[in-house]
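One chain, chain A, links the two complexes that follow: it is found with chain B in the first and with chain C in the second.
Take a look at the complex of A and B:
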């Protein structure tokens, strides 16, 4: 077979996997440049849009009249648009940029059919734009995380399929013997997402289940979108970048494999714990609680592994933009996992459920863990794709401090505020009557919501610093700046 | 759809999940992916980005020469 086979030849199962010579990393990076940059630039645009929507939603939580004259700007639509923009706009685009790039590097093969990824990128962003406009227009579906109108779902599913097929082809024609743990995480995630999305679309949108089954399916999808899509991609990225940047293998490779399989085994049921107190059979809830607590196995295993890999190399880690973001994300993975397991316990859930604590937990997972690791990946990936150095170290530091401190402020404010809110909602006097009036409790949460808005403002500053550096780098001259000390190029001059 | 159709979808999708997982585990076992872990951990390093070499750090600000010709930081 030729070194440039057709798509039909690539997906034909009868063709043998050994086709190409082992490729140098520079060649792999070169072949991934266009699709990865298409997704990356799209992700940055959606990140900025989602951040602005988040700020509007946060201000509306304390000032209801803010932009309240148009139905397009009501809280329900703004909140749903923010959510979908961040998850499917920022989250999925950045995954489609980073995960195939890592997969391609680990496969060490010349990359074929990148036009599939380009096509997927165009389809994905067109569908997303239509979907977000549909939410603003009022075509929203009342299912959290699936608010986009059902007419965009088929296009999105096709896009998932295109990217998934590309990942499978890349994996199939790999030139490396060993399947590294990051490849396990990425492959699994690209299998799990279409599975989750198609089942959720059938059971919640096209033929909606009624009653308890609808809630169960919704929470199953919502939780697994985090646990079986965003989490494995972020962990796969961390398992690739931390040893790569430090130049030392992972502390215990055996534990990383245990972590992967235990995540695969326990996460699928964990979301059910969110229905504690609902009209759901007790045994169903118990499965959710047990699975959530069992998730401590992959969490502890991953924490031990990632953190012990960094021990003794803190100075090197601090000197690397990638490591700052990835280690920050890894620390928060441990924290969010332990807090999540605690939240699944019935007595804890009695307080945290239906409060801002849950919102804080979601931001902890999606931002402080997932997004920070993805930022780290961008800082490592872009210089290698474009063969240029980051233009301004100050902007990188501004991004890290603003996103890190803003994210922590937001999460702490929401969690503390949510806990106080839950305690006040459950407080009863000697006669069994509520101690606090509901509106009084809402008023009492306002200081925490203002603190959340402050955190959001800091995050927004960080995101603009990030975007500025990204576009500055893209539009800067092509040649490698010999005067700077490059992030990457000193060790591999022959790649350029 | 009737409720039993939802159960059918649930059982089918769960079966796909578990069968795929079991098959992947079997494949990993059969092809030796779960043995020789030490070597597997080092598989991400190669001649371009070798083990023992730090591959990322903050860029250093460009140096320019001032009007006296001495190097200065921008």
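Take a look at the complex of A and C:
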């Protein structure tokens, strides 16, 4: 892949000789090697921890007596620990590994003083460990997505800033005239997150706002963490990787501009649809509903742009580990966006609200979209950072099939189960009395939760395959002559 | 993207706008809310049947009726501490504390409330836990539904009161003690029915369990407010 000159041109059509370019990228990779690998390895550890916690929580959801005598292992705490491990452990670490690297490459800016990045990485993960232990210990804060005790929040914000500043510096000293779409997304995301995080911490934890303003702030944070942090990073990564791997430019510059601005405009207001029917002013909810529907614009536009770039290169895509994951993620970006817009409609929300459907939606976005694109990025990045190839294509395939199918099974099970749960919860007989007893609904939901656990089990197998391959590669010796031979998952990629 | 200043400006404005509209405006709007009697009066002490009254077309905030109780009420003592237990156990992942209006969902029909929850209900809460999931029932008015003993049994093991429930047991909020030979069973021992320990032993709630139950018994929106009456 890296031997194909047209890849590079697709990122910056106006640059000099290819060899010079590759040398410069090599320099960037060289400077990012240590910090990126620190974040990546941490991310993989948190991913495994989060997966195990998820399995425990999933078992507890149907078998409440499992580990039931332990206060540390009670469902609420496991749930919170899983959520925070996945978002701040896996999500943020993998972003800190991938996004600055892509930014530095696109800016052709060698990152200096990477010791500071290393320090940030160590502090981030230490703070996170303390935070997760705090949740288990009982210092949990009752605010979704911000459960980690308040004593770690300042450390996290500072270490975050230490990472973010290198993204800004790389951008400031960029060597290229043209600013590529991935750079807008990454730059914007690194600007939005500290704003979101500090406002949410202050208004919810340190100086709590009055009454349901807390709930509004919470949903504003929660949804924008997805929409203005994880989503732009994942899209920026997809915009970087797809042309790189396939060696063709993005379909339309114009569509990228429309997609970027409409995402920023509409996602920022969409979160409030999660309070439909709740005790908040109706006008705020209406704004949330309208912007959630308007979100269809960036979703359709970005989908067209990414998919038209891939069209006609399906065999090459299928052969590349990176492309399999990224395209899977991109397709689910479209799916999750369309479903999200539906869920924001008041009469759909009446059924899906307060059910497993919402949980399914969250996993759809965070796993099938965001995480899958990040896996794709790891498959692309590690060989270039370590100058080694993947040791075992079978493990990559296992990861892809298990994560892909397990993810779909989980999302479908939760959504169908949630729909059934919601319908039965609201069903009234002719006399206006509920048709289903509450405990009956609990019982009827169980088969779907078992299916969800099966999906989770498959995902866990996938993650262990992934981790095994990552560490196998790290601990294997460098073989210089193998560098130009990328790992392919099919033997004849050029048959088309 | 040709113009970088424009890019930065756009990135800044989108965030500033959403923060203002979604968080700051409602914050401004709700700051004026105070505990209220179920009806308000104008300055002539005439009931106004709402939250505001008008003089010459100008709106004024109504006044509480002298001597009437005002709602909501702040939690104190055990109940206040119990809320922290509710929080650290992560109860909110399965239980909501918000009733939706009649005809939207089946909250009324399930007996979860007699009126919709409104912003004023939450103004005195240091931590608002509306919740987003109903794996278990809504708890807005759970204090009106069951006696304290039911809660102790339900927390110790939900199967005692609700066979087939998937709620986690909280045995670590209780102590199993030997029954005193001189004084007999403790006053606050709870009968755990099928889950009673062997003869000679009893289950006694810890202070944390008492706090939590005090909190649950205080969860009630059983009052009317100027802006909301029962069956709305």
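In this text, the second predicted complex is superposed on the first by the 457 of 496 C-alpha atoms of A that agree within 3 Å, B and C clash if a C-alpha of one lies under 4 Å from a C-alpha of the other, contacts with A are read in each partner's own complex, and residues count from 1 in each chain.
Here is the rule we use: a contact is a pair of C-beta atoms (placed from the backbone, for glycine too) under 8 Å apart; a residue touches a chain by one contact, two chains touch by 3 or more.
Please read all numbers here as calculations on a predicted model, not as lab measurements.
For the composite obtained by superposing both complexes on chain A, the positions of chain B and chain C are in clash. Applying the stated contact rule after C-alpha superposition, one finds that A:396 touches chain B and leaves chain C untouched.
Contacts of A:442 after superposition: chain C is touched, whereas chain B is not reached.
Contacts of A:71 after superposition: chain C is touched, whereas chain B is not reached.
By the touch criterion defined above, A:199 reaches both chain B and chain C. In the superposition on chain A, A:433 makes contact with chain C only, not with chain B.
In the superposed model, A:477 lies in contact with neither chain B nor chain C. Partner contacting the larger number of chain A residues, of chain B and chain C: C. When the two complexes are overlaid on their common chain A, residue A:350 makes contact with chain C while staying clear of chain B. In the superposition on chain A, A:257 contacts both chain B and chain C.
Common to the chain B-facing and chain C-facing surfaces of chain A are residues 179, 181, 188, 191-192, 195, 199, 203, 209, 213, 257, 261, 264-265, 268.
Residues 1, 4, 7, 10-12, 14-15, 17-19, 21-23, 25-27, 29-31, 33, 86-94, 96, 98, 100-101, 104-106, 109-110, 116-135, 137, 158, 162-172 of chain C are the ones that touch chain A when the two sit in their complex. Of all the residues in chain A, the ones that touch chain B in their complex are 24-26, 106, 108, 176-182, 188, 191-192, 195, 199, 202-203, 207, 209, 213, 240, 243-250, 253-254, 257, 261, 264-265, 268, 316, 319-323, 379-380, 389-391, 393, 396-397, 481, 483-488, 491-492, 495.
Residues 1, 3, 6, 9, 13, 16-17, 20-21, 24-25, 28, 33-34, 37-63 of chain B are the ones touching chain A in the complex.
Every residue of chain A that touches chain C in the complex is listed here, in rising order: 60-62, 64-65, 68-71, 74-77, 79-80, 138-144, 147, 179, 181, 184, 187-188, 191-192, 195-196, 199, 203, 208-217, 220, 224, 228, 257, 261, 264-265, 268-269, 271-272, 274-275, 277-281, 284, 287-288, 350, 353-355, 358-359, 425-428, 432-434, 438-439, 442-443, 446.
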